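Following this message is one structure expressed as structure tokens.
Order of writing sets the chain letters: A, B, C, D and E. Residues in each chain are counted from 1.
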Amino acid sequence: MIIHQKKVLIVLGIGAAAILPLFLNAYWVDVLNSIGIYAILGLSLNLIVGHAGLFNLGHAAFYAVGAYTAAILNTHFHIPVLWLIPLSAFTAGVFALIIARPIIHLRGDYLCIVTIGVGEIVRIALINNVFGITGGANGIFGISRPSIFGFVLRTPYHFFYLILAFTIITIFLFLFLENSRFGRALNYLKEDEVAAEGSGINTAHYKLASFVLGASWAGMMGNIYAAKMTIISPESFTFWESVLMFAIVILGGSGSIPGVLLGALLIVGLPEVFREFATARMLIFGAAMVAMMIFRTQGLLPSRPRSYSLSDVSGGEGKL
Amino acid sequence: MEQFFQQLTNGLAVGSIYALIALGYTMVYGVLKLINFAHSDLFTIGAYLGLTLLTSLSLTDRLGPLWGVILLAAMVMGFVALAGALLDRVAYRPLRESPRLSAVVSALGASIFLQNTVMLIYGARFQVYPTDILPKTVLHLFGLDVPLVRILVLFVSLVMMFGLYFFIQKTRIGTAIRAAAIDQGAARLMGIDVNRVILLVFMLGPALGGAAGLMVGLYYGQINFTMGWGYGLKAFTAAILGGIGNIPGAMLGGVLLGVIEAMGAAYLSFAWKDAIAFLVLILILIVRPTGLLGERVAEKV
Amino acid sequence: MCSDSPRTSGGLTAVNNVSFEVEAGTVVGLIGPNGAGKTTVFNLITAIYRPDQGEISFDQTSLINLPTHRIVSLGIARTFQTIRLFQNMSVLENVLAGCHCQMKAGVISSMFHTPRQRKEEGAAIQKALKALDFVGLRDQAEQLSKNLSYGNQRLLEIARALGTEPRLLILDEPAGGMNEQETALLVTFIEKLRDMGITVLLIEHDMSLVMRICEKIVVLEYGSKIAEGTPEEIKRDARVIEAYLGVDND
Amino acid sequence: MLLEIVDLYVKYGNIEVLHGINLKVREGEIVTILGANGAGKSTTLLSISGLVKPSSGAIYFNKNSVHKMAAHAIVKQGIAQVPEGRRVFGTLTVQENMNLGAFVCADPARAKKTQEWIYELFPVLAERRQQLSGTLSGGEQQMLAIGRALMSQPKILLLDEPSLGLAPLLVKTIFQTLREINASGVTIVLVEQNARAALKLAHRGYVLELGNIVLEDSSEALMANPRVQAAYLGGEATRS
Amino acid sequence: AQSAKIGLMGPMTGSWASEGAEMKQVVDLLAEELNAKGGVLGAKIEVVSEDDGGDPRTAALAAQRLATQGITAVIGTYGSAVTEATQNIYNEAKIIQIANGSTAIRLSEKGLKYFFRTCPRDDEQAKVAAKTIEKLGVKKLAILHDNSTYAKGLADETKTLLEGNKDLQIVFFDALTPKEQDYTAILTKLKETKPDLVFFTGYYGEAGLLLKQKKEMNWAVPFMGGDATNNPDLVKIAGSDAAAGFYFVSAPLPKDLPTEEAKAFLAAFNKKYGHPPNSIYPVLAGDGFRVVTYAMEQTKSTDPDKIAAYLHNELKDFPGLTGKISFNDKGDRVGEVYRVYKVNTEGQFILEP
């Protein structure tokens, strides 16, 4: 019964989201698109920061790798951008694997500075037109408009549905992941690494896995971003972007999917709402960030303990 | 070879400023395990406050450059210390018991807030310090041109570092600060007023940041409301490089980072300067995971 | 079943040239003055520290150079002297951590919630509940582990270790902080484990417990073995009395 | 009356763990508190030291009410505690830990003397002055925690399971030391799982169950009490 | 009558906030004047301004927001990278965009029908720069940029132009990191290469520091800058003795335009805000505003197609604040707008003959 209700709620929620653009102008729909992109980026970072407890302030690097993969291949070989989604994920993931391997054992703030460093190195490499393919500070322009079954996506309204679909898929997959052996393993190592290792969990493996998975997802979002903007440049992948993603995760509620969604809504949405305040808008935004953190110190919607059905006790499968 | 030594002095000058800011980071981090991202904006505030006080009170005209600057520094440090204490009270203290990263986000918010406050008060344009305060003497040492001011900057950083180190390591209050850093409850049981200790830390750290801001203003002459971020990031890097929480480490990290940057820029590429610096940092951390002087946390299980 | 040798840490030798064996199916006690190196031996066995030289083997398999989690999946599980639970997770999830190494589901099957993954998950929960039943914490399965009392936290650590399906269980001061009545319960509990075929190696300062359940006792002092034998032998060993037990003046 | 606890209620969040405790300690006494896991013994001691604030009730020390004072001010009154789990400052050296113990002590010469006495009591500590205390063995840390608390020259010493994790020989030493400390005029409140040893040492004892005091008597009487025997002395089992 | 709306997109926050603020001052002033004269098409003009934060992502949203407010045209913005992020949005919404500072070449190479700019392009600028460099008789040239879209573009363009010249050798070509304060390392290295002239294509903040620190090193080499160094703050930062002798290429300053329009505008600005404009780019934004309102008036319409067509084809030698304005079919301003300035010992910007 409860499960049934939940399903109805989910369907209603998706339905409500789907008709939202009917009531909004292009600007607000585009704000929603931005929120959506950051929500997914937040969710991907949430795996690393929220679940595995790894202090990553350089997530924009993976986002950038995904975006540039899409942009370069699209402009050079005219492969439709959306086809490149798996490849964007792959390159971002492989990149994460290569850099994370030697540094993953670093603790807390040391890992933090290394991720910042990686983010900066990537940005500087892009600016300096590394390998002659990134277009330097100009970035890459002329990425072709994506199309789905011949329908070319142009307006914010079109992208809204693409991003919505992506968001929903991401939420479901990550929800399952969270409630699995994998998701728990990340939490164990966040709580106490020695105890996790001592309970038979390959902590290095899981740290890497969370990094690679989070990075791949960010890479996919990079692809969507490139498709939406049709032009990308290093300025879209600065340290500030990583900071925003990080704030989304923590402010929303580390480890909590609804929290991250709300975090994205606020972090991306509030500066837009505060546009009325003109030059004071970032000041107000900063104050709001502090205030929200103080009033909800665990984040706005903190993660809740997983629930397990303990009902069928007698099932004799488990042996001791 | 001459180029090498000249670049070395260039690097040392920048490095000592990184070091001075890094000292404040490390100080706060050591006790609260908080990366005070707003530290960089306290630094900016120090620079602006210095300018305001300097021009409105014309201290250097009345007292001469030496005493004028010293008094100015004392005032700036005092005010920024107050700002630091206020910041702690408003933005960090309510988060003392909550997850560490929550405080990081609060710090980021505070940083945005402070940066924009400075912009609204002073405007977005560059502000300029009077140029005639610091001595213009250039020393010729071993065939190198070394402005006297640079030696002063390095000297001030070193003095601050030694002072701080002595205070933390050798005095009763210093030991109390370190104890509070490890276990606040146990520190209370020793009769230590933990809130006062934290307040002290939150005045010392920002005071150092404010001093650095003033120094940058006097030395480089040009200040801007966004200047904190760049310096802040470098100083944080320096603190980590040396081993965060470690005072000589912050000094070493700062100076080293300055030198790495100068050398990377001189012998490899300017455009890649920061990337080179970060790469070296990463390589060092791979070999020494807790920084150059950071304690190996020998965790006993 | 397991033997072991020296380790130095930072120029200071914590354990030096210690060798002993643990027979399958027995309960062996490791005792010695504080700082003798008992915990260090455990840390060496579970590869939290690495020996500088010597050999540690389990069932003919060398444990040298294996990472901790591999050693656990080979069948050695432990508890810690200072309790190390996953504080903010439920009691059940703490035990599921132990079950982890016997499970297989990877990222992909977890993400897509495959039937096989669901089945495995269900089985693991059943197993965890059984382990909790065994230590008597079944009722608290959904509590956060940090809300358990000290004694129960110790039991939970054992349950978590049991989740790994160990053949050798090593317990570091399991009775620490328990009163005599609670200790008595622990004794019956360890005996039950032995009867199930699990070998137990334990460190304990509570001599009533050690003397009651250990078939063999190994005594360390200053990182070296000073005696080994049955409880009766150890009780009478002059060196052990001098170094550890003290003269009974009750 | 040196220490008096009147109707003490303590809550953690919404859960009340002490339900109106009354307890008295006279100057020069050794008083022990017995109780099962989770009974609230540590909570009681933490309330006295001011680390946990009572929801109602009062605590008087030397006739001054201390329950509203900040923890650090309470230490200055002459109340020291050896906390559960030792809580030594792991990355400080043994010597620095000792110095911190004397944080409230104004007279360096006296502190020096106290320190010499403690190093005689626990020679291991003297040997390891410069070692980081986090790398000490469990027992060594326990000694340090006791030594550190004594450094403040307290009028009353609260000990939370000081024998935890100690080798039998050391337990004896420590109990012997406690007797000496008491003889030198320090009042002691002792929480112990090792009820037999505790009762042997103490003059009086309280039994705490689920946040209530259920028994209060002289040590001899408690030792003879069948209820105490069954619950805390493990029937006839003897410790060697 | 209903009021006509014109958008203004500029950096009101972020690093270039001072430029954005002045852009708003200029456009507000002009709108007031226009409204006092009865507005456009019988209606008052309303200026809707949005903050682009000086960063592309914020700018994209600002553009979306403006696009939904029924504006006919938008003025702005300053930096090329920021403009680039908004071009498609305006184009698809059929809104005329008139950039004021974005000089990067490729902005107008995309064939966007509604895009114009009142500032000239970097190839124009590079031509003037190269000519000046040759005229100064430079044999060894160092080029320094800051890796921004604009600065790198100008540097590259100039380099290409000069590569054909056999008498001239480019001895240094690299980027500095903007927003730092210590450039002694790069100056030390530059000095090693013994150039006759250093051409720095970045912005005034860095240029000021370079000049100052060069002077402190006792190095007497002349420096030259691009239009991004045209800002009085340059002299403030460097100090007038260090800035003296600095050349830069730029659209002419309002004070150097003898036209009536410019004089009147300057007086009005001074009256309203108490000081003359600090920078040329806000003035160029003003020209954008004047051009587009003029086109509305002439075409008697707010139809973007008509206005665009008018601007492309019919507008000829419009008397702008910064000189005569006409657009080619790419939307670029035609004519030789760039001039060379030199800083004198008082720190004033003096137009080179």
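Keep in mind that, in the parts below, a contact is a pair of C-beta atoms (placed from the backbone, for glycine too) under 8 Å apart; a residue touches a chain by one contact, two chains touch by 3 or more.
Heads up on the chains, UniProt names are A, B = Branched-chain amino acid ABC transporter permease; C, D = ABC transporter ATP-binding protein.
Everything numeric in this text was worked out from a predicted model, so none of it was measured.
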{"item": "Neighbouring chains common to subunit B and subunit E, by label", "value": "A"}
{"item": "Which of A-E and A-B has more C-beta contact pairs", "value": "A-B"}
{"item": "Chain whose Cα centroid lies at the greatest distance from that of subunit D", "value": "E"}
{"item": "Reference subunit C; chain at largest CA-centroid distance", "value": "E"}
{"item": "Distance from subunit E to subunit A - Cα centre to Cα centre, in angstrom", "value": "37"}
{"item": "Computed distance of Cα centres, subunit D from subunit C, in Å", "value": "29"}
{"item": "Whole-Å gap between the CA centroids of subunit A and subunit C", "value": "40"}
{"item": "Distance between the centres, which are taken as Cα means, of subunit E and subunit C, whole angstrom", "value": "73"}
{"item": "Shared interface positions of subunit A, touching two or more other chains", "value": "127-128, 194, 279, 282"}
{"item": "Per-residue multi-chain contacts in subunit B, two or more chains", "value": "116, 119, 269, 271, 274, 297-298, 300-301"}
{"item": "Residues within subunit C bordering two or more other chains", "value": "39, 48, 80-82, 84"}
{"item": "Touching residues (chain side subunit B, partner subunit D) in the complex", "value": "172, 175-176, 178-179, 182-183, 185-194, 295, 297-298, 300"}
{"item": "Touching residues (chain side subunit C, partner subunit D) in the complex", "value": "31-36, 39, 81-82, 149-152, 173, 176-184, 205-208, 211, 235, 243-246, 248, 250"}
{"item": "Subunit D to subunit B touching residues, read off their complex", "value": "49-51, 70-73, 75-76, 80-81, 83, 87-92, 96, 99-101, 103-104, 132, 134-135, 148-149, 152"}
{"item": "Parts of subunit E lying in touch with subunit B, wherever the complex brings them together", "value": "13-18, 20-21, 147, 174-177, 179-182, 184-186, 188-189, 192, 205, 208-209, 212, 216-218, 233, 236-237, 239, 278"}
{"item": "Parts of subunit A lying in touch with subunit B, wherever the complex brings them together", "value": "49, 55, 102-103, 105-107, 109-110, 112-114, 116-118, 120-121, 124-125, 127-128, 194, 239, 243, 246-247, 250-251, 254, 279-280, 282-283, 285-290, 293-294, 297-299"}
